[in-house]
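Next, two complexes with chain A in common: one pairs it with chain B, the other with chain C.
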Partner chain A sequence: MSNVFIAFQANEEARPIVEAILADNPGAKVDRSPALIKIDVPHKLTIRRQTIERLTGQPFDLQQIQVNLVTLSGHLDEDDDQFTLSWKH
Partner chain B sequence: MTIDIRTRTIEPLRPTYEHVARYIGEGKIPSRYEEATMGAQPSANFHYRPTWDPDHELFDARRTRVVMSDWYKLRDPRQFYYASWTMTRARQQDAIEANYQFVEQRGLVDKMPAAIRELACSVLMPLRHVAWGGNMNNTSVCAYGYGTTFTAPAMMHALDHLGAAQFLTRLGLTLEGPDVLDAGRQAWVESPAWQPLRRYVEDTFVIHDPFELFVAQNLALDGQLYPLIYDTFVDDHVALHGGTAVAMLTAFMPDWFEESTRWVDAVVKAAAAESDANRTLISGWARDWAARAEEALRPVASMALGETAAGALEDARAELDARLVKAGLA
Partner chain C sequence: MDTRVLKRKLGLKERYAAMTRGLGWETTYQPMDQVFPYDKYEGIKIHDWDAWQDPFRLTMDAYWKYQGEKERKLYAVIDAFAQNNGFLGVSDARYVNALKLFIQGVSPLEYYAHRGFAHVGRAFRGEGARVACQMQSIDELRHYQTETHAISTYNKYFNGMHHANHWFDRVWFLSVPKSFFEDACTAGPFEFLTSVSFSFEYVLTNLLFVPFMSGAAHNGDMSTVTFGFSAQSDESRHMTLGIECIKFMLEQDEGNVPIVQRWIDKWFWRGYRLLTIVAMMQDYMLPKRGLSWKEAWEMYAEANGGALFKDLARYGIREPRGWADACDGKHHISHQAWNTFYNYAAAAPFHTWIPSDEELDWLSQKYPDSFDHYYRPLFEYFRDQQQAGNRFYNKNLPMLCTTCQIPMLFTEPGDPTRICYRESHYEGDTYHFCSDHCKSVFDHEPEKYVQSWLPVHQIYQGHCFKPGVDPTAPGFDPLAAVLDYYELQFGRDNLDFEGSEDQRNFARWRSGAA
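So, the complex of A and B:
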């Protein structure tokens, strides 16, 4: 089984993104280091715009995650509503 | 000699303050909104009663007839605290600046038919005074209301009203010049068409109950005024008759109305869900003030829209009624 992962700077802007990932990806394992939050999920990780908007009560553009994004691994598939990492082509 | 650099994570003993933890649960990491808002209302050790109101404490939940076991239930779905609110409004300000630049560079104001420019001014300029009334009233809600989740967004809402008034002022200066502002004030205090609305605004100034004031201003009046003026009059009527520039320069208002509606609805919904007594009380206020606001807007609507005024006013009222039903205020 191979993991995909994504890491953000640990700050207020990244917080709802992390919470949304944990809510949408049941197998997610979160690792909180100083100033960095890394999330590992087996096979596939999805970030949904709708989930983030529900948490913050504000409109969210998925491109905003780039501001606090540190690193990621996996093949990326993204559109306006979701951002998915997996090892599938 | 080798130096081994390692990171050590130090777990804080408590993730937040006790007065915040009391509302969100022990051991949970609060959002900035929760940390800035929950448990912030002064509630004890007031010592002296205010000389201007000796029947109440300085901060007193009994100034309104609405009864809540916990005033922090009236949460703002937008989760605004000072920083997130100012950043949102700064972005909107930038967007309006860009619109101004667009309109000015292309000389769109001069390309507008003179009649539509005059109509836009005669309807929109007196509304500066209505927006100022909204500023006064929401400041009052903040001053006499209880619970930071309720009062803090009311203060931001008050300043948003001031922002709307300033956008209208700037619009008048762009369309015609300083004289149009005086003409607007003259119409506000003298023209028969504006007197019912002026009476409504001035009557709300003396409502003592902060929650009733909240309903009369933010729900009953703004809930009909904004759809009527900015959706129907500016975006449909004026824009269709060559006044797109006006719609561009007032773009903040419908956006802001749509956004703040979520807050207003959430507040009345949570308060009504608390008890049947609250529900009856708030429904009564909403019904009475909405009917008065509708009548107050009638002469303004017919000045703005002519023959289609009655239908537009009905639509605005229907929109408000649908919100009331959704908030559980049948």
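So, the complex of A and C:
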């Protein structure tokens, strides 16, 4: 089983997104290097709008993650409520 | 009082459909094949253009909104960096030489990508693909501009950046990135997407924009890391377009599979060769060290690229042909490239140096299977020679690979003691290559690559001197004449960092004497 990953700039806007990923994806592994946070999850990674909203107390549009996104891997499926990366093998 | 009834907004998927579909029409004055003359000749068969989906489902309105936000954040940082003399905070002035390579060799590629996507965006008859290419074309122009703006503050203080566009069209090693993109832009539209969106963006750009940029942050260069990550946030979208485009071609027709496989083989290898310079930047030009090239390769190419090719196996796609040789090269290419540039430092507009003992120790530790045995003794010998007053600058011109245009500096896979040479014969001439894979690219389309503008050949043919130069004049110095044609300032833009104007200036500014 391969990992999928996503990486963000290490900043305040990305913090609740990272926290939401860690809460919703058991097995997530965080790798911090200067200015960068990379999260690896085996096979599949989901970001849920509701979890971010619960953490920040504000409405969140998942497309906002584009602003601090650095890179990702896997096939993407996105709608208004979730953003999922996965491998199919 | 009227109660306002909130209209239910369309969901993301419906919004994407509403704003990217139905924008095109079947032409009636002219047949569709004449309006879109380029999207069939490569042999790729498309039965249903509506199957094209941008998984980000980005529509034009959202695109402008988020891009605007990225720009505001980026320019706040660039301004703050320039206003506060941020360049004085970088770890060591040697680092700036990595930025010289960036503005000389990478930024012009963004401009080529901008033009390439504008061109292929016009070529596809499917609207979804056209919208995605249009956005990417604008992104690439943004990258070229923001990189130029971010690096312009360094250009005020350091040599080697003042003539980057002029150099890109002339200087010998810059023909490597230039020829990569000219090869892609002169291919058909589907091959262009495979080369740039898939092989380059998806499989390889992480290696340029992620570990190197994190290294820039580690070296105190806030301006570069910010433009790097701002560009890379667009790359995430481009990578997604790349994988989508591959899946789209593979799902549309079984007959597309072998065509796409051949393009993947070719463009993986072309991209891998192009990244040699990035390997060298990562291992030699970041004075404060982070990931080695080998570690970055293992993380982003072997682990992530490996997963991708396992996933594409269900379509009948295998790993690119050069994969094993590329993985073997992770122990060697950064050292072989630095050795070459150190030798040719008189002819390139940036500075070189022998790493300090501490840096050599770091390389020994990161490259246990190769560095101490093959490369460290070489660098220590060069240092001894330099200290004894015998710094040798190679003024002979190297043999180039006809495909990737890199001097013959790579060794045989599995034997780092022998330079790898291959050749092919075509219409009575002999052509030389650095590897089986560059040879195979040529052998498939010799009529294309015999036209390559190879800098060494051009110099020998007398095409790289200023008008009026007489190579038969007594005492003629060919290297000086070529550097004059490049408009490279001898003794300022080139040679060793040790003793350079950059070194003196930076030390003076840092000590507050100026």
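One rule holds in what follows: the second predicted complex is superposed on the first by the 88 of 89 C-alpha atoms of A that agree within 3 Å, B and C clash if a C-alpha of one lies under 4 Å from a C-alpha of the other, contacts with A are read in each partner's own complex, and residues count from 1 in each chain.
In this text, contacts are C-beta pairs under 8 Å (C-beta built on N, C-alpha and C of every residue); 3 or more make two chains touch, one makes a residue touch a chain.
Source: prediction; values computed, not measured.
> Who contacts more of chain A, chain B or chain C?
For chain A, the partner with the higher number of touched residues is C.
> So in the superposed three-chain picture, is A:E78 touching just chain B, just chain C, both, or none of them (first/second/both/neither)?
The second partner, chain C, only.
> One more residue to check, A:P34. First (chain B), second (chain C), both or neither?
both
> Is A:N68 touching the first partner chain B, the second partner chain C, both, or neither of them?
second
> Find the residues of chain A that appear in the contact set with chain B and again in the contact set with chain C.
In chain A, residues 33-34 are touched by chain B and also by chain C.
> Could you please specify the touching residues of chain A with respect to chain B in the complex?
These residues of chain A touch chain B: 12, 15-16, 32-34, 56-58.
> Chain A touches which residues of chain B in the complex?
Against chain A, the touching part of chain B is residues 7, 9-10, 29, 31-32, 76-79, 84, 88, 262.
> Of all residues in chain A, which touch chain C in the complex?
2-5, 7, 9, 33-36, 63-64, 66-80, 87-89
> Flag every residue of chain C that touches chain A in the complex, lowest number first.
My answer: residues 11-13, 55-58, 62, 66, 69-70, 73, 206, 209-211, 213-215, 217-218, 225, 229, 232-233, 235-237, 239-240, 243, 290-291, 303-304, 306-308, 310-311, 313-314.
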